[in-house]
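Structures follow.
Two complexes follow with chain A in common, the first pairing it with chain B and the second with chain C.
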Partner chain A sequence: MFEATLIYGLVNSVILALVALGFNLTFGISGVANFAYGAFYVTAGFLTWSGLNQLGLPFGVAAALAVLITALMGALMYRYLLLRLRGLVVSEVIATFGVGLALLELFRYLGFIGFEYTLPVMIDASVDIAGVVVDAQRILIVVVGASLAALLWVFTRHTRTGRAFRAIAQDEHTALTLGINTDRVATISVAFGAGYGAIAAVVILPLGTISVGEGYNVLVNALAVCIVGGLGSTVGVIVASLLIGYAQMITATYVDTHWMMIVSLVAILIILLIKPSGLFGQQKELEERI
Partner chain B sequence: MSRPVVLEVRGLLKRYGGVTAVDGVDFTLHENEVLGVIGPNGSGKTTLVNLITGFVKPDRGKVLYRGKRISGLPPYRVALKGVARTFQMAKPFYQLPAYKNLVVPLSSPRVHALAGGSYGDRDAVAKDLLEEVGFERDSWVINKAAASLPHGYLKRLELARCMALRADLMLLDELFSGLSLAEVASMVPVIDKLRSRGKTIIMVEHRLRELFRIADRVLVLNFGQKIAEGTPGQVMDLPAVREAYLGSEAEVGDA
Partner chain C sequence: MSRRRERIDRGIKVRADDIYALTSWREMLYLAAPRVAPVLTLLVVGLAAGPYWQRVIMTTSMFALLAISWDVLAASGMVSLGQALFFGVGAYTSGMLNHYFGWSPLLTIPLAAVIGGAISTLLLLPVLRLRGLYFAMVTLIMPLIIERVIEATGIFGGTEGISGLASLPHRLVELLVAMVMVWVALFGLRRLMDSDYGLVLKGINDNDRSVMSAGINIYRRKAEALFIASSIAAFAGAFMTHAYMFVGMPVFAMDYSILPIASTVVGGVGTLAGPLLGAFILVPLSELLRGLGGLRIVIYATLLVVFIVGLPEGIFPYLKRKYTQFERWVEVEK
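And then the complex of A and B:
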């Protein structure tokens, strides 16, 4: 039992981290809290499903197309909607939440409800780790999660676009005086965030079914991880994912699986009460405020 | 003056609600000139800098840089043409070490093209530039995160950033504000050196004594309007200038 909680807790943590990375990436760079994130996640799932079952594409092609289309949707949302609202934080949140709501409910309207909407696992096998049986899909999730985090780290430190990402994250005006097109960088950051979410969807969704409700769950989980970790902090995402991931798994094991989502919400509440900027957040003024 | 015209500002006007921040300002700047811009607080100096560098769009009028219109272009396009600015409140990349702040402009396509298609050793160039503006070489300050640098160093970093971009026209917005007399004294030769390298400079300043030593020409703003323009000597003797300054600024006595 203990070994199982340990291993499945880790898998659950990586799932949370994978889900939160994209949201955090966009927020950290452009300051946009993309509340359509959960909807993009589900969209990628349905697009992959359609590619597989309606167009008869091989899984890899369907998944790649879904990731690209989702990323493009992110870019278009920024370019044609958010650009006009930049700086009005509440408007940005309402606008992205509206886009997400419209997308998710469109899927419901189109009849994407039911248990037939599943994605196949990529490798149908399982291994035995310390007496605990773990399926290959969960191991793949851990590998993909670690690779994406590593890729992001290399990208932001060793490529020109990545460095521009970090520059505008720290001071957008100064980046502008140095010839950096901050609108373009922000567009790319939203596209990257949406694309990361789509990759997460393609590897995580085979564990369950693709449903409209999952869009809302993913958004709440991503928000919980980012708020607890400190918005914009990659280290924060990793630490918060482990904390919430294990807390959820312990709750699921000893209480009930239905309580897992409550854990995320309680985590948000607790951190907002104790340290509103999050464990590794940069917005220290939240604590200095009287 | 036979030197080529670098900047032409024609009828520039910007309103914020009922306030006309910059009210039909005209001036011409020649290559290698140092122009001082003075005026009381709220006279439109920073708005003028924002208008020239593209951070604010003019309601009327235009800005030409080397004969080509730059008003209406986004700030990053203006910057890539070689027009750089500093901010009155220093705005470094706070989490990066001081010298890495310069690696960002040194990685610009502009610098790449001017250096003949190579970046060279950006870390080394960055450290050279910092030394030039007065950072002690090989000391802890160049490796320290900008967030923890003292004010004087932050201001130097602002200037070094313009130099790293290899800007031809630099707009320095109150570079000397908040610096000690000794710090200003050590910055003046840096500005002189930039002039000797052919740079064109606009300095918005409150530190009149130092400014009048450096500037070739001074432009005086009051309530958004240009009320005078001339050599430092001419400007200081104008009654309108004395009035505008003495009317709202007690510090003119020790400036």
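And then the complex of A and C:
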């Protein structure tokens, strides 16, 4: 029982981290709001599903296509909507939230509801770890999550584009004077964020069904992790996912599964109350509270 | 580029901003028409319409109240992504009072407006120091938390909700109360926001630190604005509870959060009349499109995005400009 909680808690934490990475990349690291993130996540799932079942593509091709299309959608959303709202933070949030809502409810309207919308697991096997049976998909999630987090950490510190991502969040005007094309960087950032979300969807969704409600849950979870960890901090994302992931798993095991979601919501509330910039946040304190 | 568009204010506005030298019936009509005409039109249409459309007008009025309350909050520097919180708290308060104590709706609705406003203010009091986006995120998750707590613990009727609540005495009473409330809220709040008190609230939105340095306690002012706005939204919730004779988890649904925002953005942020106009465009529109079912939220969200990008000032400021200004093309001086 205890070992199971430990292992499944880790898997749950990695799922949270995986989901939060893309959101954190766009919203945290380069300061561009993308509240359509949950919708992109679900879109990637449905795209992969149609690639597999309607076009008959092999899984790898369908998944890669889905990730590419989702990233492209992110770039287009930036180019045609967000570009006109840059600097008006609240308008950015409302507009992207509107895009996400429209997408998700469109899926609901078009009838993408039901248990047939599932993705196949990539490796159908299971492993015995310390007396607990864990299926290969969950191990794959942990591997993918860890490598994506490491990739992001290296990317934002040691590549030119990655550093430009951080620069436009710190001070857009200074970034401009240093020759960074902020609009281009922000477009790439939104596209990367959406792509990360799509990869997370392709890896995580085989565990359950693809549903519209998942879009809202993903957004809330990503928000929770990013706020608790501190916007823009990759280390913060990992620590916060471990905290929330284990808290959720312990609640689910010892209290009731109904309370799982409440844990992340309450976590957001507590952190916003005592330290709005998050555990590892680097943003200026006065910007968020007075 | 040889010509440019020139805008000239109509004569009456030039004399003074708040004192009008009313010299003729024509000028009085010019001022009164845009205020009286909508009130009368709504009254006539409401009384002439069939039961179904009377109900639509009542629902629209409640959404208009929600939108106005959103606008008051936004004008005081508090952007809410979860108007459903206030709506739901009001709905549950009046539902509980009616269900457990058996009080009449005529008593529970005003009580729920005040108590609901107080509860919402107390809930958000700890996060009043947060600004902009961070406040918005808290309001986004608050209704979700309450919804999930009700689901998990089964309090207040749990997932089933409580049905069989008392309804208002008569359909016409219902309709008239809704209309009166909308106009009272609109004109009252417009007056409030134009007064010095409202000026301070707008100042908090523009630059909170300079309001602080003027020696004004902004937390107190924000809490007061929050109470006023949430009371209005709680009234709408309580009213709808008795109109539908049911209260349950759907009162915390996304509709009640997104529609006020959409109405305000379509109508014009910060104008108070704009949100009302937006609600009276969007809600009847969605009734006409009822056959489309779930597509309604898609349409709201799309309109929201289109307006926020395409016409950020909203419809109302546009109409107002057309009414109070002449426009003409003039030659550009060489």
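Here, the second predicted complex is superposed on the first by the 283 of 290 C-alpha atoms of A that agree within 3 Å, B and C clash if a C-alpha of one lies under 4 Å from a C-alpha of the other, contacts with A are read in each partner's own complex, and residues count from 1 in each chain.
Rule of thumb we're sticking to: contacts are C-beta pairs under 8 Å (C-beta built on N, C-alpha and C of every residue); 3 or more make two chains touch, one makes a residue touch a chain.
Bear in mind the structure is a predicted one, so any value in this text is a computation, not a measurement.
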item: Partner chain in contact with A:116 - chain B first, chain C second, else both or neither; value: neither
item: Chain A: partner with more touched residues, chain B or chain C; value: C
item: First (chain B), second (chain C), both or neither touched by A:108; value: second
item: Contacts of A:3 with chain B and chain C, given as first, second, both or neither; value: neither
item: Residues of chain A at both interfaces, chain B in one complex, chain C in the other; value: none
item: Chain B partner contacts - residues on chain A that touch it in the complex; value: 160, 163, 166-167, 170-171, 173-183
item: Residues of chain C defined as touching chain A within the complex; value: 79, 81, 126-127, 129-134, 136-138, 140-141, 144-145, 148-149, 151-152, 208-209, 212, 218, 254, 258, 261-262, 265, 292-295, 297-298, 300-302, 304-305, 308-309, 312
item: For the chain B and chain A complex, residues of the former touching the latter; value: 53, 55, 74-77, 79-80, 84-85, 87, 91-96, 103-105, 107-110, 161, 165
item: For the chain A and chain C complex, residues of the former touching the latter; value: 33, 81, 84-85, 89-91, 93-95, 97-99, 101-102, 105-106, 108-109, 220, 223, 227, 256, 258-259, 261-262, 265-266, 268-269, 272-273, 276, 287-290
